[in-house]
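Note that the chains take the letters A, B, C and D in the order they are written out, and that residue 1 is the start of every chain.
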């Protein structure tokens, strides 16, 4: 473009409001801005991508299950724990950074992101003890009233940190020898899964210090049929699913956990043949009372295989309502499921090929497949 | 395993040296170690992976073009410059880290890795001005005697840092207004490519400070046929290839660069039809006198398209010796080439599908395809 | 080489980010101070809008084929929570940028486009787009898309994605 | 649950890294102090080595099917510049680890295997392998491969890849 041409440009621009001949007016000069998020809706989903092949670069994709648009990204560092605040306003990320990317001074930190702006508002530096393991709801978690945040520590000795998210401080560390992870209940209780097949429950005082602890009865057999170290949120606690498909419903609404009689996802003939598997291996639609579990055929050691089918159960009667094979939908095996809690619920299913499918949670009808939502989307939160 | 079984284990182990019946002896207990690198050979190649989809996690793969084994990895941070010392003993990485992975306090740094151990031995922290651009030989570079390292700065104002790799210090910064990147020659000269189509050459004193500067004649036309900001190392300097396929040979052995008469990779009929393209768009086998350039058919703006063919030229007579189409070899377009300088040279060709092919540099015969050597392998060094 | 169009590029690159249409007019006005304000009639060629409809991606902001992306080498912010002209939530626009000139098939005009990078989060990784019409090497920075244009953003200088902001029309024949 | 085999696991996990065969023998000797040293004859079933030859990946250290990788969830160091028992150059072995029990088809024996992580560089990203025979959840750490076993390596606690070090044979029937 010659200099003289520039004047033409500017002039055309300046007279753009005055149409000449039949030509449409030129497009107007535009303004660069930062996108504001629309109001949240129940079909938003936070898809956690471990980015296992570039593991210092984990991230969370905020995705809209109605418009099928990516709404934004929250960066998450190395092998993080991720959760949402009870009011959904905040994403909490417990992660690790090294001063030289993959090496150098290690900093463990809990970061708080405002879900309206997707900006980190503040952080709390932790001792370098953070549990670095596969995603679960129990690596970092809020108390029910949002006043505490709990961060699981594994060195590999197990303990957890109690944090004050409002004031950005570490209140203390509580030893949980032989028991791991932070399963929150009420405003001041934390349970941990024990190697002995029990739950340890620590009650905190107002300062976040230990006020008491109780060990439950044994409710599963670590050696012969352990439960996955991942829970499915229920109205009063969590469901824990075992490798062989037993469902342990744990009610955490009182100081002592209550265990319902376990029930099985599989018939006696299916036992040991069809198994639950994946990383986030169940979701409960609490109003509908429907439980969704990715299931596959496999033997011992196949518990991380994704589901070739999603099985749908009535959570009250324990009756299986449907089997939804996913290959006919063009999907790879399902490694994570999540469901929305509204009246027109959608089921999200993440595959081993890193796609995320959006299904009608009542009918199983496939609505959308979002291709490659990250490298390794292993957990979804809403 | 029961406790009693363990004793059996130990006992079997202890008597393992004494064969009983015809059973082979059990495998012995092993010792964990850290692998030592074999002696370097001329077919080693340092493959730089920008990891563009997870760009804070760039890395360099050391790959053996004879055994087709990956020998190790050097981590490289965000959008780095990478080069080798003249003796090949050190990899220099100029990169950027953020205290919180993708955000937080920015640190620009030059890191030195011992190529015998693949450990970083020391670093030099830079001002936060480092050129963050696609890989080239000229983002960070050593002087011919290895006593200086030059780091290109772009803010976008252009300058460069002079570093003392031995003492780990920044010696100074030299302004190169209108001219960019660090093209080293001799023990104390740095040339930069200018927006005016010239070369600026700065001569340094023993302390790494500017002792003089000279601007060359214009040797290419920035607007109509710019040269790629990537060079091909020759015996006395570098070849610069233009978008339309003109080859500018620059001799940097004296204080003033000497420019040979440009010659063309393409015939008049091919001009503007066949073009060089990619990121590392040429390699010269200096003993054979052969120049390898990835070429594609395309129009204006196609200069980053990989080559559908590799064209082979006699660097002395400028005659084209061969065209090697790559699709018949099962290869995607070629975005980077490098050649070994020994007597049985191999040509390395990185594809847009992130594979690296190993070819006989004389015949073009395909020897090996290493699949997925990173996400985006855009430059190779040896 | 410090011609007027270079000046225009430089100034508009630093302006595009936070400049409303009103203040860009002001900037253009300053640039034109002293020049005669001769009206110029754009040619109406027409007939390309239909062709564009037959190639819908030319008008799809989430496609690399979208007409105004003619010199983007990076991730499209429109696929990352932003739009053609807005950075995704939580990212920071680059105040400096590069310039492209793209043909809009809908009105058969060429437009000058400012490509700003959005910064401060790691690679969006979606809608990788590599188009280089009239793109020049890094030593001509105002026309180069290889530079991380977030680089002057300090602690928020990580590259996330790129937007395309229309600055104005380029008259035919220029 | 602190049975003898747990003790063995715990101690061998911390030993495997820098322990020569000689000192491992010493450790085993300590463990066995007071136990009668009764010779035990391993069963010779034979005939599986040929079968393994027909499935070469069972003997290929760069394949996830390699027999001793029966409880690795991660990248194989043998594909990353290391070997089955050596960490790639420039990485740092984890001093703590998890334990697997794998069947070797070549001699039809089961072996106890220590899986150490190699640390201090970012993901190797090659030869991703996910096998979980007898693997247990993280609350049983000595049998868990989900934990980043580099986690106790301080500044060198980034996960790069995993190796498999034979500790000893497990007698049949155990």
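Rule of thumb we're sticking to: a residue touches a chain if its C-beta (ideal position, glycine included) is under 8 Å from a C-beta of that chain, and two chains touch if they have at least 3 such contacts.
Note that the coordinates shown come from a computational prediction; the quantities given were computed from them, not determined experimentally.
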**OP:** List every chain that touches both subunit B and subunit D.
**Re:** A
Subject >> subunit A and subunit B, separation of their C-alpha mean positions in angstrom >> reply: 40
Subject >> Distance from subunit D to subunit C - Cα centre to Cα centre, in angstrom >> reply: 55
Original post:
In angstrom, rounded to a whole number, how far apart do the mean CA points of subunit A and subunit D lie?
Top reply: 31
Subject >> Residues of subunit B whose C-beta touches two or more other chains >> reply: 53-54, 56-57, 75, 78, 101-104
Original post:
Using the touch rule from the top of the page, what residues of subunit C touch 2 or more other chains?
Top reply: 121-123, 125
Original post:
Does the chain-touch network form a line, ring, star, complete graph or other?
Top reply: other
Subject >> Residue numbers on subunit D that touch subunit A, as the complex places them >> reply: 1, 70-71, 73, 96, 120-123, 125, 128, 130-141, 146-148, 150-152, 154-159
Subject >> Residues of subunit A touching subunit D in the complex >> reply: 52-56, 78-79, 96, 98, 101-106, 128, 131-134, 154-156, 179-181, 192-196, 222-223, 226-229, 300-304
**OP:** Spell out the residues on subunit A that touch subunit C in their complex, using ranges where they run on.
**Re:** 1-3, 5-16, 20-24, 26-37, 57, 59, 62, 69-75, 113, 117-119, 372, 374
Original post:
Can you list the residues on subunit C that touch subunit A in the complex?
Top reply: 3-5, 8, 16-21, 24-25, 28-29, 31-32, 35, 37-44, 46, 79-83, 85-93, 101, 104, 106-107, 109, 111-112, 114, 116, 121-126, 160, 163, 165-171, 173-174
Subject >> Sites on subunit B touched by subunit A in the complex >> reply: 51, 53-54, 56-57, 75, 77-78, 95, 97, 99-104, 107, 109, 111, 120, 123, 375
